[in-house]
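Got a structure for you, questions after.
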Amino acid sequence: MRCTIRRLLIAAALLIAALPPLAAYAADLPALVRGLGVSNYDELDKAIAKLAETGDPAVAPVLEALQAGDLNLRKSDGAVVVAKRAGSGWDLFDPLTGAALGPAERSAVERIRINNALRRSLGAALGALTLMSPDPAVRRSAAEAVFKSRDPAGIEILDRAIAKETDAGIRTAMQRARAAAVLNTDAPEAEKLAAIEIIAARGDRDGLGLLNTVVNATAPDAVKAAAREAIGAIEHRLALWAAAQNLWYGLSLGSVLLLAAIGLAVTFGVMGVINMAHGEMVMIGAYSTFMVQEMFRAYAPGLFDLSILVALPVAFVVAGGIGIIIERGIIRWLYGRPLETLLATWGLSLMLQQAVRSLFGPSNREVGAPSWMSGAFELGGLTITYGRLWIVVFAFAVFAALLVALRRTSFGLQIRAVTQNRRMASAMGIRTPQVDALTFGLGSGIAGLAGVALSQIDNVSPNLGQGYIIDSFMVVVFGGVGNLWGTLVGALTLGTINKFLEPYAGAVLGKILVLIFIILFIQRRPRGLFALRGRAVEA
Amino acid sequence: QDTIKVGILHSLSGTMAISETTLKDVMLMLVEEQNKKGGVLGKKLEAVVVDPASNWPLFAEKARELLTKDKVAAVFGCWTSVSRKSVLPVFEELNGLLFYPVQYEGEESSRNVFYTGAAPNQQAIPAVDYLAEKEKVQRWVLAGTDYVYPRTTNKILEAYLKSKGVKSEDILINYTPFGHADWQSIVADIKKFGSAGKKTAVVSTINGDANVPFYKELGNQGIKATDIPVVAFSVGEEELAGIDTKPLIGHLAAWNYFQSVSTPENEDFIKKWQAFTKNPKRVTNDPMEAHVIGFNMWVKAVEKAGTTAPDAVIDSIIGVSVPNLSGGYSAMMPNHHITKPVLIGEVQDNGQFDIVSKTPGLVVGDEWSDYLPDSKDLISDWRAPMSCGNFNVKTGKCGGKGT
Amino acid sequence: MTDPLLYLDGVSVSFDGFKALNNLSLMIDPGELRAIIGPNGAGKTTMMDVITGKTRPDHGTVMFEGNTDLTKLKESTIANLGIGRKFQRPTVFEHHTVLDNLELALKNPRGVFSGLFYKVSEEDRKRIEELLDITKLSPKRDVVAGGLAHGEKQWLEIGMLLAQDPKLLLVDEPVAGMTDAETEQTAHLLRAISGKHSVIVVEHDMVFVRELGVKVTVLHEGSMLAEGSLDTVSANQQVIDVYLGR
Amino acid sequence: MLDVSGIDLHYGAAQALRKVSMTAEPGKVTCVLGRNGVGKTSLLKAIMGLHPTSGGAVTWEGTPVTKLPPYERARRGMAIVPQGREVFPLMSVRENLQTGFAPIPRSARTVPDEVFELFPVLKSMLDRRGGDLSGGQQQQLAIGRALVTRPRLLVLDEPTEGIQPSIIKDIGRAIGYLRDKGTMAIVLVEQYFEFARDLADQFVVMERGEVMMAGAKADLEEGEVRKFLTV
Amino acid sequence: MLTRFLLAGLDTKAWVLLSVLAVLAVAVPFMALAVPPTSPWSLSMLTVTLLGKYFCYALLALSLDLVWGYCGILSLGHGAFFALGGYAMGMYLMRQIGSRGVYGNAELPDFMVFLNWKELPWYWHGFDMFPFAALMVVLIPGVLAFAFGWFAFRSRVTGVYLSIITQAMTFALLLAFFRNDMGFGGNNGLTDFKEILGYDIQAPATRAGLFVATVVALAIGYILASAVVSSKYGKVLVAVRDAESRVRFLGYDVEKVKLFAWTLSACMAGVAGALYVPQVGIINPSEFSPAASIEAVIWVAVGGRGTLAGAVLGAVIVNYGKTWFTGVLPEVWLFALGGLFVLVTLFLPKGILGLAGDLRQRLAARRSRAAAGSNAAKEATAP
């Protein structure tokens, strides 16, 4: 029922949008807008339809305001207004003209609510209304919206839009939208076959979904056959990409593991401290991010996109600083008793968790994603989310930096000397207390950096660290303790294996299999992937 | 003895602290409020807080401690079935009272436990009905954490959907471990499943911490509610507080209460709660409401019985009805479950839910699901003379199948 | 001629391309005492590693008592065949007392259950006393070995080696860190046990080697450079060049 | 000039040094002799600060260093070749040598040529891990490493242990050469009496944690000294 | 011979501990059952159950100390053996419920009924018989440990590598037991037990009986462990801990040496788990969680690694602390417990039991130093 209404109204909208607006219609607009002031979703849907029927471009901002949840009902007179936050109350505007209507109390207006169905209607209506927009981005999303709504009535306007379109990419999008719509009509077989071809060329999931509906619906056999063939082709293509996609997932999971483990590769791998508080350092990094973002939210909301960049040094310094305090206060008394570091750091991790719980509360804290880390893009048949991409890049950058620091600087040399033989290093003139503190601080600081990245994909809660500590130890040990390359390869291997197992075995069994793999692997290589060999180790 | 002690058995540390700490606070507030009103039976209430630390045997130990050492009159606590199952024998042995405030899989009815959270029929089934009717969903992904609540709920839903004519190939069931953090493949799978040309929805029984990464991944992979809506049973205002909800607008949750319910009772409650926690942004959620209802029911029952003696309270509480926060009354039924309205909400960009549907009347919690073959013949009625938690209407005997 | 007790044939070992042993062959007769000398890094210790199963050779065979190929066996089996070893760096059980160190080394069944139900017999006690005397560790019998000075550890390890009563003793630099007088004693000791046992001694102390007065094998770059009495080999110009120096 | 006066040293309850005093001067080799376990190594540890002392004082170039940690002493020009080599096992020979850069100014951070002249084998094994070297090679590395810090006090604990005769001679020559430069004070612990006798300018003879005899080589009767080395 | 072997290992500490256990075994049931509840001497069931639980943990700690303290195998997965023993016992108890379950199914446990299992999986058979279940309690952990150890020790996996794969083992088991498809009740585990050996599991007398059984098991475990560690085999164990490869060159088969201790220890842990389950009333996969195993390690460390009495003491003290702190300091008890761990490491490096010995030694040192007229230097500052 609603479908037919929508189809009608879009048809009308499209027809009219093409014509110069008529004054007669314009006169009705305020009344129609007023008609939006209902609380029943079905009635609202009808009101939207009526409004869209006018085809007046002036309607678009009204519908956009409704979509964004800015449209309100003034309780005093039932007027439909746009309300913008102003202090503790609202500033009101006319939705059509944008004219200011003065301020209002907080409770003087009531938001006009929409649900998913209405969101779809709005998307379709706006799509049709904005196909001719001067803004290419708007036109592109309008074409996508029509593609999704697949409204046959859109064909005509699309034809016109296509004719006028200068941007090749947008034209393709429009053609696809048109093809989608054609498949939803009783158009002649030939036309449908051509449409299927266009959709098949799109070759993605959305195209697949569309073709599947063709197969499910009643259609001539030839069309169905063509659709099936196209589906086969798309599925084949997608299957090929699926392997690559899995590889990407593996890489991205691997880099999360790498990030989580890399700080531990310093504190545990290099220094030999069985650092059970490592996860809490990651957590501290995540909470530092939260704090930085709170500052931005409070003082510079416009620069929010930079918050993560600021959070990086902050997290490094905070976590590193806490690491240094821990080293000076506790760990330094325990060199030569590595097993006892387990006990002390376990106690520390309990205390740090509780401290964070007391300070920030037990529940999750919100860490937002900057715009450059949200969303996804398509690369061939791959869907790559920006967030993950940056995490991969970041993980490798941290790894490279650490590698250089440990292998190429005299500080790195001193770290290794101290960890291999503290007394002798001291006798060689190396300031061991300083080196110890800085090394532990470095490992903790890197864990803090990891926390910044992980805050983007996981809970920021006092339990954050607990989720990573076991995986981190697995990675470091699997790769071979004391070998940074091992940590890198270990993390990526485990990530990839996990992701290739998951589709077949399921997430739970997949994880079990990975663990069993680790156990068996260690039998083959009792000192990890990149084992140190020779008498130096066996002694 | 001039106070009446009330035990609060919620984890304040460990994995469950994230959810349960709030419930402890709400209980403290309720006790304080009640004392302002003069207490119960002329005595002040005294809250005894312990921390079972998300450790199941410790739950049992602490329950025993509360009942024997502190001699509390009632215990409000637990979250997740395993904690409840762990303390259940203790409450039965020592004849204590437990108010359990969280939604669960059903399939249980104990004389000593009052289930103020939702049974599957008070949450899952109405949610699925809503999607099928309003969103015309034909294909279903049942995604859950691998433990008993999702397993049972999905079993029930599967049976229910099939009874509605949904074909098996249109149902995808997926389980993940606790705390699952990497959702890339699964979200991609959902996308794939949703591209079969039929309207698809996800019914999520994903638990606890795993939700945040799940929703973050949904947002990143651009799964919009208008394409593939996700309806969740374990995601409330508290969970959303940790996520940027802008990409998630329109995804759904089914509960018996939302903070956005606009009734005077609720507004009053929110105000008190924010004042009590000294945090004007502090949110409320469904299990909190369950505790409010449960606590008020207990107070009323104690006053009715004139004593806190468990047996008397167990008898007097059945039929007690107290206002809930969504503008109606909830009543304790003979099966120790309560009546509740079912609300469906859509996520908003401010971390709240817009209520898009509400059952016209109250739904009675159904402890033994009608959609599971072995429980459909069972009923529970704790009133004399039946006084049985698993009465088999076929055989007419108490005790399951009765062999 | 009797069969050799130990027979190394064409043994080669390499580490990352570096040849530590290069086609080495060697024969030790029952009851023989043999001194092995050679520059640092010549492969002396590596040779012992091969014999005791610590290192697997790339090529070659190591035959013990005629027909047992040691290269296929694990360390404990080799030890139980009757090959004992003293390491270049003294390694003793630091948390055990001197007494316990010796007790563990005594030639007794090595199984788990014989260990569980073992009781020190009169014979064992006597033997331990004897060894304490030889090593002059009597006053330190109840000291944990970790607290011994370097030279004392050397002695303890010699004691443990004797306690095992092996057929073949491999002794790597026994007198390093010992005084001249002790060096002399050690030489006597080794001479005394040879005859009944075969002994291979590696040492750089020429005075000690002279004291032993036995056939000397010179290793260089993983293979044999010279063999003969000390006087013969020390006259060898090559040995002087690479080992003894001007 | 190194001045050790009245040092006590304990391992737990056991006393290893009792009121030990000695001196060492630049351009001279001071040789510490004594049987196994008399406390020679312990004395060196006390000098270098590798084990805390429980009494007495160590003075180096006029300043008391008793309370200073080893790295501070190294920065004041003290270096040790420890018993048991203690090379850094997982680091290459080159890196082992480079650890000696820590106490010296940035401009001086090169490995002195004399190290490779004395021990050519090190040059050919620069990239091998220290721990993989043979015992004697490690000993050479340990001496070389100490020389990298350009010490003014060199403390050697049985440097000939496990070394082939030709290199012992080289080490002897090296020590002689270092002494003859006149700027370095050398303390040498040795069991190998001939070697010690050839190099020493003065002797310290210990027994049971105490100094029994001390003095310039000329003042001491060789037989007397030997008496303390036999059993 | 066996008695001589067993008694040979007992020192004063052991006799003290055993006497305490003996007294408890008699006094606790008496005070709980016979003394009227009004008397100050009466013990509540809460205390009895708590003590029982602590002693189960003590037995676990003891088993862990055997491999960690004496053989140097830091097992981060000992909880797995404990849990397996517990599950074996839990399965027996589940079968004992019979038709008293909520669905009244005589054959299937409740969780199988409502997940539509049609018949009992094969691995559940036999657990209705106590002797079989009792055998499984030691056999299952024993066999797993044997197989695991056989491979790991032969491949010479040592140190942290061994620790981490034990952790991987318990983590894998955790995930596996979480799976409802495994047929062990998933996350909810096994619970709602009714009776054991025909006795009502909630009856005070049964509880007291279980307590006594636990004390006896602990005592036997203790005697056995001390006999083992004080035998020559025990010395070999310690030697393996300190210098594994050196032991090989003495002719000992290190693999076998380790395997025996490891398997024995796993069996002890299994028994501990089996006694634990009827007393706490639930077994669920969280017993497999790596954190649980790490906690056990920590009890040992707190009590004093390498001293059997220390392990027992540590388990009891830490768990008592936990009980106490979670009751009186529910909001901040982690600070207290965490702080305790940190302080113990810093100030009691040999654990609580090491304290006494340490004090004695330090005193002696100070005296001899004072005699030498020296100024004391801080021992710990050795860089």
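Structure notes:
All chains are identified by letter, namely A, B, C, D and E, in their written order; residue positions are counted from 1 within each chain.
Here is the rule we use: contacts are C-beta pairs under 8 Å (C-beta built on N, C-alpha and C of every residue); 3 or more make two chains touch, one makes a residue touch a chain.
Given the structure is predicted, the values throughout are model-derived calculations rather than measurements.
Contacts with chain A and chain B are shared by E. Core chain by CA centroid proximity to the global CA centroid: E.
The most distant chain from chain E is D, comparing centres defined as mean Cα coordinates.
Averaging Cα coordinates per chain places chain B and chain E 36 Å apart. If you average the Cα atoms of chain A and of chain E, the two centres end up 45 Å apart. In this assembly, the C-alpha centroid of chain D lies 51 Å from the C-alpha centroid of chain E.
Those residues of chain D in touch with two or more other chains are numbered 50, 69-71, 132. Each of the following residues of chain E touches two or more other chains: 175, 178-179, 245, 331, 334, 383.
Residue positions of chain B touching 2 or more other chains: 12-13, 146, 175, 177. Considering their complex, residues 12-15, 17-19, 21-22, 134-135, 146, 174-177, 179-182, 184-186, 188-189, 191-192, 194-198, 209, 212-213, 216-217, 219-222, 225-227, 229, 238-239, 241-244, 247, 250, 346, 348-349, 354, 356 of chain B touch chain A. Across the interface of their complex, chain D is touched by residues 410, 413-414, 416-417, 420-421, 423-433, 482, 532, 534-537, 539 of chain A. Every residue of chain C that touches chain E in the complex is listed here, in rising order: 52, 54, 74-76, 79-80, 84-85, 87, 91-96, 100, 103-105, 110-113, 115-118, 160, 164. In the complex of the two chains, the chain D residues touching chain A come out as 48, 50, 69-71, 73-75, 79-80, 82, 86, 88-91, 95, 98-104, 129-132, 145, 149. Chain E makes touch with chain A in their complex at residues 74, 151-152, 155-158, 160-161, 164-165, 167-169, 171-172, 175-176, 178-179, 245, 290-291, 294, 297-298, 301-302, 305, 331-332, 334-335, 337-342, 344-346, 349, 380, 383.
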